[in-house]
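Chain naming follows the written order as A, B and C, and within any one chain the residues start at number 1.
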Amino acid sequence: MRWIRNNLVLLLGIAVLIYTFIPIAIVILMSFNDPNSRLIYSFDGFTLYNWQNPCEPDGMCGALWTSIKVGFLATLFSTILGTLAAFALVRHDFQGRSSSNLLIFMPMAAPEIVMGSSLLALFVAAGFAGQLGFWTILIAHIMFCLSFVVVTVRARLAGLDDNLEQAAMDLYATPSQTFWRVTFPLVFPGILGAALLSFSLSFDDFIITNLNAGNTTTFPMFVWGAAQRGVPMQVNVVGTLMFMIAILIVVGGEVTSRRRNAKLA
Amino acid sequence: MSQVAETSGAPAAPAPDASYDGLRLRNLTKSFGAFTAVDDLDLDVPRGSFFALLGPSGCGKTTTLRMVAGLETPTSGSITLAGQDITYAKPYKRPVNTVFQSYALFPHLDIHENVAFGLKRRKAKEVDAQVKEMLDLVELGVQARKRPTQLSGGQQQRVALARALINKPEVLLLDEPLGALDLKLRRSMQIELKRIQVDVGLTFIHVTHDQEEAMTMADTVAVMNQGVIEQMGSPADLYENPRSTFVANFLGQSNLIEGRITNRAADLVTVDMQGIGVSIPADRAHADGDMGWVGIRPEKVLIGEPGATLDAPGNTIPGGVISDVSFVGVSTQYLVRMPWGQEIQVFAQNTGRTRLFAQGESVELSWRPEYAFLLDHAQDATAGAQKDDA
Amino acid sequence: MTRRTGGLGYLLLAPAALWLVLFFVVPFYSLVATSLFDPAGSDFRGYEMTYHWQNYTDAVQEYWRPMLRSLWYGALATFFCLILGYVLAYAIAFKAGRWKNLMLVLVIAPFFTSFLVRTLSWKLILADDGWIVDTLQTLHLLGEDGRLLVTPFAVVMGLTYNFLPFMVLPLYASIDKIDHRLIEAAGDLYANPVVGFFKVTWPLSLPGVISGTLLTFIPASGDYINAQLLGGPNQRMVGGVIQSLFTDANDYPTAAALSVIMMVGIVAMVLVYVRRAGTEELL
């Protein structure tokens, strides 16, 4: 009893964490489900069929591939543009810094539905109503990933000790050597984090994408459509895989950094 | 002003003097907006010396150092090193290295890579062997593959030193390098640094606000205040014969007593100090005009019962009353209230030859005239005094 | 930090700034313009700009219920997120010890799986024949034909679940910065743990509370996925209305008007909230 009272907050915290994991458990369980009916969503029996035939549902793997392509390109562009902008904001002085900061902040605060409908209004006004699809999705995704990249890289860059670059210069490194041997390696974890965040934001977006996709279908849109008709179990296979990949990336990163430290300690 | 005086005859000609092999700053000025951090500074640092730039924070010593390193561009003036003008040379093109206050070790590189950084940039040969030798010199050979964060403060400090030293710079700049270490480690690092400097024979410029550190380590100390050098010389010279109230107070402690100059002879200045005539050697008198501050270090003041014969033929000041006594072991520190209201500090060595005085006792003070000094009355008597006994 | 002046800064910033101006600022002007078009048009025949302000009154008259509901559900979800998130963030910051990093990773980990797929799992968990409903019915906490799905409870719970990390992370950042000795000092000065919490911990964590509530409330009140998947027609939120007006009903002017109202409403509320909370530097 005493132990419980002393650790009450921790136990409650763990309970909240468990709450966040309940749906994941269901997703993993359902990926092995052998349903009796497509309409009634319950666990009826164990099978590996879904894992062996992941692309069976019509259009699912196509949608997944579209999401991966969009996610990759949106990550690439938003990471490059956002990193450059972060360097500008931290390292350079110019007129309009505060309005630039506001411009970066606003997309993170604006509701997605407003951003989505604004973009749609623009595309329609510009006469692109018929050409909505891959490219308009990509434009939108780069737009909403950008701010997150700038903020993440900017934080990393602002936390960088000014003296390190001065020390490099003092030790005969030219400005370009200083950048590539000191600044960039130290900012890189921030850039990598920003890229991972961008990919997951892009991959998971539904609200903005749905308004600007035309006839193109991304994975979240496929799931949305399927939810009305009956969800194929293979959706859970994809959900489980995503979860596992994310865990692998995070745990992998943690293990490498721990091992490096442990070896040296 | 030994070294400044030598060259101050020709300040209008900042032409690099090719014959001087040390570091020479001429009319160096650095302003940040309306604030002048360094004001028309002239300074010669002889080759191979351990030179300390001492001053309170904000006096411009770090700015001076950064200009020498090339991390700050002077507003005007020139910097020459061994006859070469390096005033506007890029930091990576001058043979000067810095040990940063925060060490600035590269966190993504291990100790070996940190130390090798400068050599590699200059494409030196046998980098690994040199690094190994240098790490052995600072006794960090076994730590070569650790990251900076895995080392203690003292070890990081030695890595920073090794990383700069290995490049064999003409001048090594140390920006408060011991500031982050605890007292004990500081003392041992001071000895260590001095030893290394003697071994390698390089010019060290050490910036610090710690007067004790400056005096124990440096051959020459320059005391800096508000952007200008107040006085420069050997530690003993600065301490025994300060030329300004700032130096008198910033280096150790001084009693400064107001007096009227009654006579200036060739070798002796006579001062009427609160009705008592005292004399001061002419080479220790640095006051213009009629008034001055008579200065005397607390440990130079002798204390005795009224009428006692003190071992100081010279100035005797009667009428003191002990207002405070603190016994600190090796010495006893007295505060003696004088008839004119001022409290004089006296440090008496506990040699056992004199008895201890108690609060409220009447005493007489005395000092040998050759220990006193006379400072300009226009200066603030409290300039440079430490707020606390750090 | 020495900042360099000159053109390079503009050059580095320009691509990102231009992108945001073109695809974030300009679209908002198009949205406002669209909201004033003649509602008689369509995206086939084209719209006419008639400064038809009536679109706004029409939108409010017809959709005031989903609008208020969005704010209400958003506020409820934010409140529950704050309670759960505070417990979790506090536990991670002060009680987790060496498990701190692991717990932080676990907070984010579930959210790498698709938002929609996770929300669908809740549909399964809360289903009418699911074990939760069964248990509640056995305990008579829920009537014989009582259900959880298609109720405000399901929607608010889904919102709470989905936006929890947006609350936990800023709260954690704020609580973790609090010097634990301050809390001990409060205890030393005769504050019992509860008083100590409300007089020391809570006020010091306010910056995190403010940014966390904003980061949760804005997306939660704009969301419609939870309302659509876990609720029914009576739980419709304004985001869903806007979406279906655009894609199903092709009523662009009304949809745009609703979007503008939502944006303006949220900006106004945020400004008032931030001003009252007194940390304007957040923006």
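Keep in mind that, in the parts below, a contact is a pair of C-beta atoms (placed from the backbone, for glycine too) under 8 Å apart; a residue touches a chain by one contact, two chains touch by 3 or more.
Computed from a predicted model, the values in this text were never measured in an experiment.
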{"item": "Touching chain A and also chain B, the following chains", "value": "none"}
{"item": "Inter-chain pair with the most contacting C-beta pairs", "value": "A-C"}
{"item": "Chain ID, smallest distance between chain and overall C-alpha centroids", "value": "A"}
{"item": "Reference chain B; chain at largest CA-centroid distance", "value": "C"}
{"item": "Whole-Å gap between the CA centroids of chain A and chain B", "value": "57"}
{"item": "Euclidean distance of C-alpha centroids - chain A vs chain C, Å", "value": "17"}
{"item": "Distance between the centres, which are taken as Cα means, of chain C and chain B, whole angstrom", "value": "60"}
{"item": "Sequence positions of chain C contacting 2 or more other chains", "value": "none"}
{"item": "Parts of chain A lying in touch with chain B, wherever the complex brings them together", "value": "161, 163-164, 166-174, 177, 181-182, 185-186, 261, 264-265"}
{"item": "Chain C partner contacts - residues on chain A that touch it in the complex", "value": "7, 9-10, 12-14, 16-17, 19-24, 26-27, 30, 41-42, 81-82, 84-85, 87-94, 100, 102-107, 109-115, 117-122, 124-125, 129, 139-140, 142-143, 146-147, 150, 158, 162, 200, 203-204, 206-207, 210-211, 219-220, 223-224, 227, 231, 235-236, 238-240, 242-243, 245-247, 250-251, 254"}
{"item": "Of all residues in chain C, those that touch chain A in their complex", "value": "1-6, 8-13, 15-17, 19-21, 23-28, 30-31, 33-34, 43, 84-85, 87-88, 90-92, 94-96, 101, 103, 105-125, 127, 129-130, 161, 164, 214, 218-219, 221-225, 229, 238-239, 242-243, 246-247, 252, 255-256, 259, 262-263, 266, 270, 283"}
{"item": "Residues on chain B engaged by chain A in the complex (per definition of touch)", "value": "69-71, 90-93, 96-98, 100-102, 104-108, 110, 117-118, 121-122, 145-147, 150, 163-164, 167"}
